[in-house]
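Letters A, B, C and D mark the chains in the order given here, with residues in each chain numbered from 1 onward.
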Amino acid sequence: MANSKWEYVKNFEQPDNLLPNTWIVVRLDGRGFTKFANKYAFEKPNDRAALDLMNEAAKLVMTDIPELIIAYGVSDEYSFVFHKTCNLFERREGKLVTTIVSTFTSYYIFLWSKYFPNKPLSPPLPSFDGRAVCYPSVSNLRDYMSWRQADCHINNLYNTTFWALILQGGMDNYQADQALLGTVSSQKNEILFSQFGINYNNEPEINKKGSVIFRDYELVEPGSHNAAAEAEDLAEPVPQSKTQAEKEKKKRAKAKVVIEHLDIIKDDFWDRRPWILSNKPGKTPKEG
Amino acid sequence: MANSKWEYVKNFEQPDNLLPNTWIVVRLDGRGFTKFANKYAFEKPNDRAALDLMNEAAKLVMTDIPELIIAYGVSDEYSFVFHKTCNLFERREGKLVTTIVSTFTSYYIFLWSKYFPNKPLSPPLPSFDGRAVCYPSVSNLRDYMSWRQADCHINNLYNTTFWALILQGGMDNYQADQALLGTVSSQKNEILFSQFGINYNNEPEINKKGSVIFRDYELVEPGSHNAAAEAEDLAEPVPQSKTQAEKEKKKRAKAKVVIEHLDIIKDDFWDRRPWILSNKPGKTPKEG
Amino acid sequence: MANSKWEYVKNFEQPDNLLPNTWIVVRLDGRGFTKFANKYAFEKPNDRAALDLMNEAAKLVMTDIPELIIAYGVSDEYSFVFHKTCNLFERREGKLVTTIVSTFTSYYIFLWSKYFPNKPLSPPLPSFDGRAVCYPSVSNLRDYMSWRQADCHINNLYNTTFWALILQGGMDNYQADQALLGTVSSQKNEILFSQFGINYNNEPEINKKGSVIFRDYELVEPGSHNAAAEAEDLAEPVPQSKTQAEKEKKKRAKAKVVIEHLDIIKDDFWDRRPWILSNKPGKTPKEG
Amino acid sequence: MANSKWEYVKNFEQPDNLLPNTWIVVRLDGRGFTKFANKYAFEKPNDRAALDLMNEAAKLVMTDIPELIIAYGVSDEYSFVFHKTCNLFERREGKLVTTIVSTFTSYYIFLWSKYFPNKPLSPPLPSFDGRAVCYPSVSNLRDYMSWRQADCHINNLYNTTFWALILQGGMDNYQADQALLGTVSSQKNEILFSQFGINYNNEPEINKKGSVIFRDYELVEPGSHNAAAEAEDLAEPVPQSKTQAEKEKKKRAKAKVVIEHLDIIKDDFWDRRPWILSNKPGKTPKEG
């Protein structure tokens, strides 16, 4: 080949396969979204159309990449989880992260006009960066998910109060910041209620809990499965029969991918949906 | 903080800063573009609109990220090069790669309708994966660029002949493959010329050479600069005065980003554009 | 400082902290030990003094580095295991591996004359290389240990038969190799027994099972502890009180480090010694 | 194989090949050598026997591993440099580092009794940790070497003055520390000269400059070679003829490995010994 004398440069590529038997979380974040939100006049503290756009893009990523078991989003960030037995792209970090980031970006731009019909995009366009993190145990993974959802709650309570002080209370940003300095949750709740008649508990679930996306099957009785233990048992690579694998793949493809706003910190969410951690498709729910 | 007990999961994030003083190449590739090209009936062997779309997206990436010094594209792949002194995102691999992949994807989707007004996109959408590779020396970097351009030439000569055999010669894919098995360049040139009256040399430069994108300044006399040596001398971090840095930044922002189809294997391209390897902006060319 | 202008070279050091919450195995191997064994006329197939030297060196490594929970050795290799909660050297791979390799080498050379009083060392001296591997789950770790012990068995059965054919059967290396080609375990057992009157089961345990080193406490009833599950529960960093940590440290320091030749593939070994996986010191055994 | 069901654990081993075309520095450091120096009553501020032992061990490492081009040592640390074209162990970091650390440790223990005949070693024994760092350019490598030698100078001047204040001036550690707080080089020189009649310039070169080890050939005229440029030209892998490689190997094996105490910061050292950076053996010097 004419290019053979240069081909040695391929040797500079470094392998980046992630440690086997660990849960892979790929989290993406909007780049410069504060500025971006201002440019397109996103509503404060939460712009519903912007959240719905994030969610639909994420749902389509989940649909395109069936190896994903769950995704969790809040604000301009989204976390996608690969099962610890996943071997997509031989677990090459770069491939996994860029595929998700690119697919998400693609849908985000494509769907923009559906959610913002009157706000055409113009350069510089929105974009996202991303990273992968490995978690060795179910506990670590669930703690990661809890961390993101707790963060959602903390930020949303702050932002709800902050923007109430500004939009309804007439403060400027500095004054609102000062008013909230050092306050704990109960005090923010109190400000919202006493000054603005807002009961934080009645705020939309999507704002308080963020969004969780997963394949939907029939819920099971809590306690009837031990998905975490089942998952740990998958430590060794158990060769699955091809028929079985094919059957599961079909079931997974048929399953409805849903967007919910549920508590994912407590056990209940996971106990009733053992298929998320076990990666074994559940029972397809009966249509109503 | 309420989420402090879960925050330990941040410790699982691994640093990924790339080795200092090395040229960083980020290459992205279309995912499943053979299928994608069929879906949108791209012309064979080269669809000019598809190439122009790649090029404009890449040009906008270069414009958005001034730390990039050059980009080279062919078919559904694009390589972007950061100067070896670049410290963007502290050289974190994940940030660099995902930012480029996401920005490129964003523009690709956004610009699609401009180049394919009659072919609206529908899911699954185009997406790209990417990776970063470090090259320690100017020679390595130039060998990388030469490798990609030589590959462009080899593939394009093959594809041009292959599709001539099919589209003009009436062969099917298998027959065309067989006809070309084991042929060298001169034989493919001969087939093109004797059977189809095609002089490969007259094929469009964009197909034969691919596309190179860079900031344009006034060309210098070859031999008047030694950019490679200058670049090696930048091994140590030389603290630049803020005024100087600011001045260069402005010059860079004013420079026109151009798309050309030039030979980047020979020295001439680099000798006449010393600013690419030295990262010192050249003289702004006079308008005609 | 006079050296400040060169200090930037420290930035080229790359972090190498191993993923938290994973079991770290450091395995070292003798470099060129076939040649080395010949130079010092090691007995075939197993030189007891050489094995005892390996074992004492490994035991002293275990004693010097209390963060190690178990070690397993066979022939010229030794595997040392850090508990998954271990934070020694902030889990920096280079520090962990080189410390173990260097400490082991140090004792090996130091103790040489004790085991080989009549064979003084001369350059080139024995040395060892090493590597670290992370295992996310107890199953993975136990499978690693089983793999090494199964390997010990396979190699020892082969070597025992091979050297019987040579030393007692009068074959040369090539003939012995040919005689064993394609034989399974039962056939090797049969050769040993019928041709040489050797019952493989009566071979020394150290040769058949290798050597396992651990801190010794009072054995517990199998089934009374679930160490593996306990270990999984340690996923989150549970801050231990200083008093408790100090107490455990003292207990660990007082514990006797023992070298045994036991089956570590079956559950029994682990069930009766829950302290190995739980990292909580057991009961100090009563002196006889 | 009986162990095949466990063999999957090998997949958890991560590749660690270092970036090609970069200079590899492996630096090792004594572990806890302050305490160790006290245990064996090393002379302050420099124990000549201890330095000579370090140097002989390092020289033997250089001799055993001909791929090393230079080594530099000071106090209880030693840096070993592989040429950037070196492909030993496929540039696997773990192999390179542990081999050097283990070989060095081996010689250190072995030679101990030669340098300290009256101070037999006893556990815990001396050991060393190590790490590898890659440097892309000759400038970076030389800056690394300069950094270490400048550090040697700074520390030695400090220690010489500190111990003069204690051993000759009758101060305790705290007083000596206080006396030197904030002093610059000239002030330490002044203290040495005026208070103790010590002219720092007359101190032994080994203390002021550290030790540099390399293969010795006939010195060349400065300016007659450009080794740095030659080294950069080796960016691409130039396949060497086997005869040529064999010839160079023999020359290298015949070359005398020397320990010197020279300035390696200035150009002169490198200019007169072009073989160090070019990796092409020089002319064997005539015997006197």
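Note that in this section a residue touches a chain if its C-beta (ideal position, glycine included) is under 8 Å from a C-beta of that chain, and two chains touch if they have at least 3 such contacts.
Predicted model only: the values in this text are computed from it and were never measured.
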| item | value |
| --- | --- |
| Touching both subunit C and subunit D (chains) | A, B |
| Interface composition of copies subunit A and subunit D: same or different, split at half | same |
| Between B-C and A-B, the pair with more C-beta contacts | A-B |
| Gap in Å, rounded to a whole number, between the CA centres of subunit D and subunit B | 43 |
| Chain centre separation in whole Å, for subunit C relative to subunit B (CA means) | 50 |
| Euclidean distance of C-alpha centroids - subunit A vs subunit B, Å | 32 |
| Of all residues in subunit B, the ones touching two or more other chains | 8, 12, 14, 19-21, 134-135, 140, 143, 236 |
| Subunit B contact footprint on subunit C (complex, rising order) | 5, 8, 11-12, 14-15, 17, 19-21, 236-237 |
| Residues of subunit C defined as touching subunit A within the complex | 19-22, 84, 134-140, 143, 232-233, 235-236 |
| In the complex, subunit B residues that touch subunit A | 1-3, 6-10, 12-14, 16, 28, 31, 60, 64, 93-95, 97-99, 101-103, 105-110, 121, 123-135, 140, 143-144, 146-147, 150-151, 153-154, 185 |
